[in-house]
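Alright, structures below, take your time with them.
Okay, so subunit A shows up in both of these, paired with subunit B first and subunit C after.
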Partner chain A sequence: MQDLTQLLLNGLSTGAVYALFALGYTLVFSVLGVINFAHGAVFTLGAYFTYFLIGGAAGANGLLAGLQLPFALPFWLALPLAGLGAAAVALLIERTAFAPLRQRNADPLLALITSLGAGVVLVNLIQLLVGAESYAIPTGALAGLPAAVRIGGAQVRSVQLLLLLVAAVLLTLLTLWIDGTRSGKGLRAVSEDPTTARLLGIPSDRMIQIAFGLSGFLAGIAGGLVGLSVSIAGPYFGIGYGLKGLGVLVLGGLGSVPGAVLGGLIIGLAEACVPADLSGYRDVVAYGFLFVVLLVRPQGLLGRVLPSKV
Partner chain B sequence: MQPQRLALAALALLAAGGVVSSCSRQRGDQLRLGAGIALTGNAGLLGQDARTGLDLAQGHYADRAPGLELQLEDTGSDEAGATVAFRRLINAKPVAILGPSLSQQGFAVMPMADRAGIPVIGVSTTAEGIPQIGPFVARVASPVTVVAPLSLAKAVQLHPGIQRVAVFFAQDDAFCTSETQIFQRAIRAKGLELVAVQRTSVSDTDFHIPITNVLRSRPQLVVISALVSDGGNLVRQLRELGYSGPIVAGNGLNTPNIYPVCQRHCDGLMITQAYNPKLDNASNRTLLAGFRRGRAADAVPPQVTAQAFTAYQVVHEALATLKGSLPQGTTLTSLPLPELRQRLLKTLLAGTYQTPLGQLRFTPEGDVLQRDFSVARVQMNPDGRSGRFVQLP
Partner chain C sequence: MSATNTAPLLALERLSVRYGGVTALRSLDLVVHHGELVTLLGSNGAGKSTTLRAISQLVPAAAGTLRWNGGVINGLPTERTVKLGIAHCPEGRRARQSVADNLELGAWLRRDRNAIRRDLERCYSLFPRLAERRTQAAGSLSGGEQQMLAIGRALMAQPTLLMLDEPSLGLAPKLVAEVMGALSNLHADGLTILLVEQNAQAALDIADRGYVLEAGELSLEGSAAELLGNPALREAYLGTG
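On to the complex of A and B.
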């Protein structure tokens, strides 16, 4: 029983990060039909923003060596602000890497490449400014919380529980917004058919910007939380999560919000089930599972088969 | 002129500049020394330590003959990046190359330098099999076979009740897999029980699954072979999940760059040191003085910084010895480059050097023979962000 609880907690907390990450991909994919490859870089930026907002100083190897903001915010305030900062960067990416191509009706594949380019530029910019060194959000940022707690005999770090909680809250809010508000429904309409949505008076461009902003916000929050949990291992640390997020996106079904959540949790649990002596092969299990699911159900678990238009 | 033509002209100029730069002859009596180290990626921290050592050595030897022009290339932290960097270095016609940072990269690129007949001196490549890559391959980093068992022996000496040992290692890094084999052999040789062996990846950041697996086996000692970022995170998460016993770490964590990663949880980590900052010789005094310029008066260079300084020093001293052995009127640059490289290698392997790592010699195969080692324990300051390696008696 204790082992099962441990396995579930391990799987859910890992899966929550993947789900949060994949949701960002999903939001953009649902309105544009392309994957935003700069999402990993925005996630990374969210972590750096959080670090600097809580009073962290830049290391010795970048142009901003030694730089420190004149104030230090508590973590609970720094995190949403970092999310907003990441949202602003995501909007900038939309304006520079996606909008110009969209206005010229360019092939969606080109937007994929420009987003990849934007991501590479961002990561290198981070390295130029603050160096390649690791940054760690101080372990005392969650003042008052113990390092780990015991639940049903299983040991789990407090930061993982926080991650799970924040992910659950954000996912719930997002679902409520999409299903219960006018702008959320507008987003769904644009994701169904942008042309028809425009004819119905829904501002498609605005909806796309909202999708990017939300996606950036989620990435920023996820980056800040993961940064707190495992430190920021340099400008490239979003890449691994980005790849896993892509896997989750495809497993859940491209463009499906519940699919992203389900995919994240399944991959997280699949990784947690890997036996101890094979733990280095967790990714093989996760991607192998993805491979098998796609062979049986190419549209993903909750994805739809789109009718081909003649 | 049309803007497009202007842009083309500018591109052509830039390209021409690049060609001229890469084909430029070595100036006067100066020889080019290549260095390929990881300045970016997950081994970037290790590379930056090495860069500091190279910069200090370059500054120290700048006005001493023979003149060396250092060409530094970033290898990134993977084999592909190292291959590109080494190809550029080989094309630049250096007298020797220092690096790369990782053994994993070394197995990929040292054969390239060896085939080109260029002496390549490993700075921090400690895996088994590196000097055996080829006759032009040598290293100043002591092999893991010598270094790894020392910290384990010290941990057992300090905690005599230890019986149950768990091992973590990054399975996708040649050095870590090599090092863990040595650790595991040493654990068995001491009659200890290996209760868990967990494979991780150098790109992993979240270790709660392997850690909770390991903690179920109630280890009394944990031995880690990993690199800075992944290893530092592993240490931190081990402590946060309740492991309070001793931790022995391998050479991949042997740098102050772990402090910001595992923070206060780095405290107590035991690591074998190939560099002892208290060593009293001229070379170490030079290194310490240079390193402390602009830093705290008691700042201590990381081991890799000392190793990079040493690599530069042995090449410089070997070249100086070779120069002294040439007939009157013959300069190093007047020798055909292939001959110069061969003679440099021969001289380098035959020499004895007083370096920041202590007295060094080389085996005919190119492996370093070092006498002085110690085991240090990481002692973190109360701020949890800075600390020091304290040598254990």
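On to the complex of A and C.
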């Protein structure tokens, strides 16, 4: 029983990160119809932003060696600020890697290449500035919270609970926003048919920027939380998550918000079921699962059969 | 202000549109006065839809001037033309959301909630079939109902000019009459309408004036009565020699 609780919570908290990640992809995909391959780098930046905002110092191997901010914020303040910083970077990526192509009426698929390029630039920039070493966000950052709590006899790290909680709150807010607000409805309209949306007076450019900003915010928060949970493994830290997020996206169904959440939780749980001594096979389980589902449902779990678009 | 009062609501002056190297519209002169119902006729590929797309700035004008109340509107972003009061009913339809959500989306730019609710009810009284199906997904509607939905949604923006792209396309004759009847009523209430049609008879029956495009160029223009009596037009578009 206690093993099961442990396993469930491990799976759910990993899955929550995947869901946040996949939602960022989904937001951009729904308005532009392309994957933003720089998303993983934004997630990575969110982790570094959090690290520096809580007062962490840069290592010896980058241009910023030894740099430390003159203040140290508490984690609960640093995390949303890191999210905002990541959102700003995502907006910058939109302006540089996406908007110029759109203004020239280029094939949207070209944005795959430019966003991949933007991601590579960001990752290398991080390496140049702070080096390739790993950074640990001290768990002491969660001052006042015990390192672990007992739930149903299982030892659960507070970080994992926090991850679950934050993810749940953000996902709920996002869903409410999409369904209940004027901009959310505008975003949906642009995602269904950008031309018709413009003919209704909905500024598609602004909606695209909102989608990028939100996706960057979600990625930044996810990065900060994962950095706290397992430490920042280096500039390439986000890439593995980025690939997993893509798998989640395809599993849930491209462009579906509930699909991204469901897909994230399923892959997180599937991975948690892999015994610790076989943990090297986690990705096999995750992608194998994806493979089987796609054989049966090529459009993903909650995806619709894509209408042929001219 | 006096100058703008006498200017036509919409004026195209020697308007040309090119797609790549192909000229889709060549030097078109067209005016729509306040309160008029003007129809733009022609066969497939004559440049009718292109004209509407140019007015909505979905395609840039290669040459010529677009005037709204006398002022030049060339190069304005599409969403700003909606703010001016131009509602463009395209051929495509939004399928996933409900009828009510679709209609509300038409009022996206407006913030006057009470007036929006009133206009919603007006839409339902204009097209009672939509009222019966207000919670249904738009994609499940018949062709005629989707056309009514598209018109209703365009009206929700409180437009000064309603532009429609072949609302009779693919509809049974009875439904064509219903849609044209609704347009005629809106016209009688004072709405200015620019109606693109291939069904010349149905369009001229309700229009004040008409223009005929052929291969991107204006071939005929005149009052609806003149055009209905024109032998060349009768032969080409009305199927009666």
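Definition applied: the second predicted complex is superposed on the first by the 305 of 310 C-alpha atoms of A that agree within 3 Å, B and C clash if a C-alpha of one lies under 4 Å from a C-alpha of the other, contacts with A are read in each partner's own complex, and residues count from 1 in each chain.
By our rule, contacts are C-beta pairs under 8 Å (C-beta built on N, C-alpha and C of every residue); 3 or more make two chains touch, one makes a residue touch a chain.
Remember, predicted model here, so these are calculated numbers, not experimental data.
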Touching partner for A:G180 - first (subunit B), second (subunit C), both, neither: neither
Partner chain(s) touched by A:A189 [first = subunit B, second = subunit C, both, neither]: second
In the superposition, subunit B vs subunit C on subunit A residues touched: B
Contacts of A:I202 with subunit B and subunit C, given as first, second, both or neither: second
First (subunit B), second (subunit C), both or neither touched by A:N61: first
Intersection of the subunit A residues that touch subunit B with those that touch subunit C: none
Residues of subunit A defined as touching subunit B within the complex: 3, 6, 10, 13-14, 17, 59, 61, 127, 131-136, 138-140, 147-148, 154-157, 160, 226, 229-231, 233-234, 236-237, 239-240, 271-272, 274, 276-283
Subunit A residues touching subunit C - in the complex, by the definition given at the top: 182, 185-186, 188-189, 192-193, 195-196, 198-204, 307
Complex interface listing, subunit B residues touching subunit A: 39-42, 44-45, 48, 171-172, 196-201, 203-206, 208-210, 212-216, 228-230, 232-233, 236-237, 239-242, 257, 260-261, 263-265, 384-385
Subunit A contact footprint on subunit C (complex, rising order): 56, 58, 77-79, 82-83, 87-88, 90, 92-97, 101, 104-106, 108-109, 153, 157
